[in-house]
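Once you scroll down, you'll see the structures, which are given as structure tokens.
First subunit A sits with subunit B, and in the next complex the same chain sits with subunit C.
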Partner chain A sequence: MGRVIGIDLGTTNSCVAVMENGQPTVIPNAGGYKTTPSMFAISQDGKRLVGHLAKRQAITNARNTVYASKRLIGRRFDAPEVQKAIDLCPYEIVRGPNDDPRVRIGEKTFTCPELSALILREMKRVAEEHLGEPVRDAVITVPAYFNDTQRQCTKDAGKIAGLEVLRIINEPTAAALAYGFGKKREEKIAVYDLGGGTFDISILELGSGVLEVLATGGNTFLGGEDFDRRLVAHLLERFQEAEGIDLRADAMALQRLKDAAEKAKCDLSTRDVTEINLPFVASDARGPRHLNLEVTRETLEGLVDDIVRQTIKIVESCLNDAGLTREQIDQVVLVGGQTRMPLVQNLVTELFGKRPHKGVNPDEVVAVGAAIQGEALLSEDKNLLLLDVTPLSLGIATFGGHFAKLIERNTTVPVRKGHIFTTTRDNQSAVKIRVLQGESETASENDLLGEFVLSGIRPARKGEPEIEVSFDIDANGIVSVSARDLATGKEQSIQVNATGTLSDEEIQRIIDENELYEVQLKE
Partner chain B sequence: MAESKEDKIERLMREGLNHYGMGAVGEAVRSWREVLRLDPDHADARDFVATAEEAAHAAVPPPRPPKAPVKAEVQEHAAAELAPGEDDATLDDLVREGQRLVREQELEAGLDLLEAVARRDPMRLEVHGHIEEVRSRLLKRYRDRMGDLGGVPRLSLGLSDVMKFNLPAHAGFMLSLIDGDTSVGDIVSLSGMDSFEALRVLNGLLDAGIVSLGSAVRRDRRNESVG
Partner chain C sequence: MQLGGQGSGEARVPQLAPGCDPARLPLSPAEGYLLSRIDGRTPWSLLRQIGGLPAGEVDRCLERWVSEGVLVVDGSASKPNPRPSKEEEGSAAERPAAEAAPGAAQASSGSLPTDESLEIPVEAQERILEFEKRLKRPYHEILGVPVNADMKAVKRAYFELSKEYHPDRYFRRKIGPFAPLLARIFKRVVEAYELLSDPATRAEVQRNAVEPPSPAAAAANEKAPAERKKKLPPLHLHAPQLRALAERKAKAKGFFETGMAAFKQGRWREAAASVRLAIAFDPWNEAVKEAFGEVQYKANEERAEQLLKEANANLDLRRVAEALPLFEEALHYRPQDPEVNHTTARLAWLAADDLKKAKEYATRACELRPEVSSYRRTLGQIYKAAGLIANARRELEAALRIDPKDAEAKQELRSLPKK
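And then the complex of A and B:
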């Protein structure tokens, strides 16, 4: 086996790391950046753009630039998150044949795993260029709240990208690993993750090499890009006051403003004031007009304070769900580039009554943890290996619309558990097993992962047949379910391939299409 | 009354340009070849046939039929706007002046003038034909200058010197894409402009000495933060 890379497949930015001489190394791309925007576009002249190039024309070519597809992956088209994305995103989201959301650019429609695969392939390429050797194996991270379908779709994306995904691990778990937690004693850790597009808070408990997720919370539409938008609006207003020109409808000007606003926001994390210079941003009867404005940290903080404060309630609610007070939290870890902002760091200190750890770069820490986990899998070092847990309870729908849990959430994986069920009618010849994931006692309120039918049950009074239903969750949190009639020995099983995931044929078709595209590019 | 040879040549030249403006390159070349049959030394006809055939061999995009007129929000080439009230005779003079400039290889100046006429009177199909023919020649010139589009442009002047120029907003946008890492080909893709327009702007920046062409250098951005 060759090297294993750790990939943080982020909503806004992705990062790749590898272990070199026992130390995690974050790999820069050709432009020298250690993170790559999770963006894909098809330019007006038909060129496929990934990463930084896609980001630089995201506003001038908004209709054909896809971002934040992680918000869509593994969900149903009718899910509230997808419907909100349809309202907000300039690119076209359509219903796929599996009731999954897909993105249409021009004549082509992309599945969500395909879009994620484009980013993963780019990260694979970055790693291969740096290492000077092919890379095959990877550990990829996902949010702790991702269900089985979302994890499977992420794995499918890895396969399409030409990666063997050794493990899917939770992002807060990876962050905790990067800080070396969990080796010595029991600890309770809060992971405050404010990235470009999403906010996640996770409360973890470490003990005996097992990392348990006690509670998660967040907002998938709250992140650094909201901060950028506020600053852009401020700059537009000031320019209009000074020059009498409204740039809101000028896509080229907006692209420049967005890029400049993001850079200014980053500068103001280490400086009190910064200058934004955009020469020739407009022209009118007077000639060329230039934007030359100073922005202070104080101004920026005033613009975004309410956004940052939105995270307070979410954190408090998560602590409540975990049954903990802030005093009981031993360690606080910062994840996501937006946590570099002093305003955010001060708020986190205030929230938890202690300073957060920031020794590892917050936009690299998850990839670092994934690389550490990858190395542990290679070396089979049990000391390093943190066991992960299934984040959501698993069970089946039963008579009366109830949910029978077979595996409780936070059970260490891999795990196999079974239970005996029976029929509800006399002479019932078949049973339908509906596999659900979630915490509600009402079946319809949980996520349907898949369903199958076991037929050929011998005629009997209701309650007599014995049907053993077994659940098997592998180390990636992926589920297989079987049902066996103990009287006849007849068995039916599925690896849950829920609505929204791709069949093997579809995956191969996408791989073949992308290979064809690669060949065309080289010509 | 029979058409004179000079009138017939003028008609065929105009028809050729009309065809070229509508994207009917084959018809255009046939008209111009007919002119050369009547007058083998007709320089314009010879140049137009050469341009059309060279463009076809180089797989340059075919000429575009004229679109419905769009109100320009930004002056693209400040020198080439016309005062209000020009009548047809004045516009005819301007077309002839544009053609003269083109014949003297002042292609950009000629194109500016022809485009200004087309904006004023979009129904002059022969002007569209001229425009497309000049664009084809200019596109070849730009590509010859910039090579395989893999070259990387860099700023040659400091910001304070650049500010002394009178540049339109889309040139400012093009400048914002120049970072010493991104190739000409990628800049054209990122610009969102028609590739001819993007190369035209870049060529203008090269001519003005604001930008120069080189090869890429890999940067270390370890100390740069990322949002």
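And then the complex of A and C:
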């Protein structure tokens, strides 16, 4: 059996871990860093750069450097999230043939799974160098709120990177696995995950080597980058007040400001005041202008207070979903670099009435959990079992355009559930079963996964026939749906396959193409 | 499969052999009745008492059926047994399959052989096969906990079973036909856990589990055996039915809460309508029924008030004919109000000349408040109008006894024809 790696494919940074002698180990990259920026660039001379190399030249090569592509993966080009990214990002986002967003760098257009694959391949390489052997199997993490398409795209990315993806698991679940590893206690755990791009909260229960997900919640558009953006806007304003120059249209200055804001934000987690120094950030008739500003922790906290409070609201509703009060939570685990901020820690402490757990590194814990799950799946002696849940509700469209949920989100998988439906017209001989995924009560606002018709229903008055519709989800998340007329025993069923935005041929083409590059890099 | 049973006579539990269709047996009605008592839970000794035949005859019948292969007998069903027993096979085949499971699994009860070439220990294979046999048992037995186990025990059992039967335990291993089996088991375990840990369904599941098809209840609605077979209550309701029941109750709860909110705000009629809906959705809830009494009373009061107001307004306008039906309707909601009875009596007499009704209302008023002279006087006057002089005299005299100064009564008495 080869080694299985756990990869935290983050919006801003990625991390890889492996089990060594029964203990999870985070693998440092060649530069000695335990996390790698999720960045990809093509340099001026046509070289492909990933991670720290890409980040180091990001300022001077902004248009050809891709970051935070995780925000785009598995979405439609017209989605508001993508449109927002188009406004904010210095790189070019174009519409792909499947209505998916793609990134154009020079002549070449990259699909989102391809961009993620470039990061995954880098993490795979880091692991292989460390282990001195080829790696094939991996567990990759995604935000709890990723839908089927986003998960499938992430799987496709793994395939393109030459990985066999054993399982996609949720980031907060992975964090809880890392926390719960080797613990025999019975505990209820809250994982508060404030990363670069997303906020996730999960409530889990640990008992005798089993970890059960009770509820998850979150916001896919709330994260550390919003903190940065607030601070950048604040700095822009102050610079304009002092110098009368608007830097908003200046891509280079913006990138420098963004980097400086991120660094200042981090500084302010340990200090009360920090200085931002950007020499020659602009120039006008008076000559070169320098940005030189002092920012206090208080200022920063004032700028982002409402964002943090928004997360607290989400935590409260998730607790409600889990049917627990805040006092019943035994342990709070913080994940994501943004949880280093004292304001975040204070509000979380205040909410739960206890200080968060200190034993895990918020940047590495997710990758560690992924490695633990990989090992748990493949190892002989099972000392940890994860009872994972469905991230989104599943059901069928019913009369009047409503959505009848058969499997609520947060239901443990594998699972089978059925419900009895009936006809809406006299002598109706067939019913159409439209399988949907989502949380809206209105059928049309959810994703259509598939549809089929059950015919041959015996003529009867409306409301009399009994049609049992059953949903079945296996451990790998594959959904099958069947409908049975209880009177005649007639049955129809389909298997609903999650689809990414790429076809199998397209994935193969990209794999072949990337192998070419692999050869190039080794030259 | 053991025939004849290994238990002592008292505890032996006969049940229908798998695949046996009792409708095809040449039975007398009495034998059919006896066969219909056999549910896999009632022990032989009890069948002697409830079988509808003399005990010796019951023994003879049962023994004959066992020897003919119609029945199988096991001694272990009287107490819930965490270890699956042979009897499962019979009962599983008796009931229609609840799930359309992968083909192999359905037919596999006891027939799927263990296989040493699979990447799954033989002991584990045996445990899986045994567990599969009890998938049709009540939910608490699937989890292996007492029927009234608390949430903690339910969860602990669920975790322990998960560790053993979750498909991830054999991730990527060659386990052949055990893969679908394992999935089926785990889904059933999850179902049991969910239903027993959700307060909305828990009570229903428990109630179902502790109410085995009772011989006494079954005897009450006696039918021919073939027909009866269909009517036998299932050992436990299936999950969709339980959920539907829970939904109904949740709906009822919603209506009840709406009703009580309206009640608190004094909107009695609205409250009564909501509570009535709550009863329709959850007719088993005694608390709701109790509350309904009070709500209904208040709602009636409200309606009566409204009617009386309208009626009096008509009276003020001297629209006596319109007032009468309103008073009568008000009486429907407030039959015990003496004053309303009295007024209605006078109207029925004076406006409609309906002396029969007038007498009824006036009598009711007098019964409710015998000490009021004016009610007696009215009743007397109505009798007089009806020509029942003796009665009229009696009532008018009674009125005068209560109030000797009642001038009207005196005058009415004087106007009566002499005896």
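We take it that the second predicted complex is superposed on the first by the 301 of 523 C-alpha atoms of A that agree within 3 Å, B and C clash if a C-alpha of one lies under 4 Å from a C-alpha of the other, contacts with A are read in each partner's own complex, and residues count from 1 in each chain.
As a working rule, a contact is a pair of C-beta atoms (placed from the backbone, for glycine too) under 8 Å apart; a residue touches a chain by one contact, two chains touch by 3 or more.
Everything numeric here is computed off the predicted structure, so don't read it as measured data.
**Student:** Counting only touches as set out at the top, which of subunit B and subunit C does A:Gly287 meet: first, second, both, neither?
**Tutor:** first
**Student:** With both complexes overlaid on chain A, does A:Asn219 touch subunit B (first), subunit C (second), both or neither?
**Tutor:** The answer is neither, since A:Asn219 touches no partner chain.
**Student:** A:Thr299 in the overlay: touching subunit B, subunit C, both, or neither? Say first, second, both or neither.
**Tutor:** A:Thr299 contacts neither subunit B nor subunit C.
**Student:** Counting only touches as set out at the top, which of subunit B and subunit C does A:Ser269 meet: first, second, both, neither?
**Tutor:** A:Ser269: touches subunit B, not subunit C.
**Student:** So, A:Gln83: does it touch subunit B (first), subunit C (second), both, or neither?
**Tutor:** Neither partner.
**Student:** Report for A:Met252: first if it touches subunit B alone, second if subunit C alone, otherwise both or neither.
**Tutor:** So A:Met252 only meets subunit B here.
**Student:** One more residue to check, A:Gln428. First (subunit B), second (subunit C), both or neither?
**Tutor:** A:Gln428: touches no partner chain.
**Student:** Check whether subunit B or subunit C contacts more residues of subunit A in the superposed model.
**Tutor:** With both complexes superposed on chain A, more residues of subunit A are touched by B.
**Student:** A:Thr25 in the overlay: touching subunit B, subunit C, both, or neither? Say first, second, both or neither.
**Tutor:** So A:Thr25 meets neither subunit B nor subunit C here.
**Student:** For A:Lys47, using the defined touch cut-off, is the partner it touches subunit B, subunit C, both, or neither? Pick first, second, both or neither.
**Tutor:** After superposition on chain A, A:Lys47 lies in contact with subunit B alone.
**Student:** Mind pulling up the subunit A residues that touch subunit B in the complex?
**Tutor:** On the subunit A side, the touching residues are 13, 28, 30-35, 43-45, 47, 49, 53, 56-57, 60-61, 196, 224, 228, 250-253, 255-256, 259, 262-263, 265-267, 269-270, 277-283, 287-288, 290, 337-338, 340, 363.
**Student:** Which subunit B residues qualify as touching subunit A in the complex?
**Tutor:** Residues of subunit B touching subunit A: 74-75, 159, 162-163, 166-173, 175-177, 181-182, 186, 188-193, 195, 218-222, 224-227.
**Student:** Give the list of subunit A residues in touch with subunit C in this complex.
**Tutor:** Spelled out, the residues of subunit A in touch with subunit C are 166, 205, 207-210, 212, 376-378, 382, 385-387, 412, 414-420, 468, 470, 472, 474-475, 482, 484, 491.
**Student:** In their complex, what parts of subunit C are in touch with subunit A?
**Tutor:** Subunit C reaches subunit A through residues 99-100, 155-156, 159-160, 162-163, 166-169, 171-172, 183, 186-187, 190-191, 194, 239-240, 243-244.
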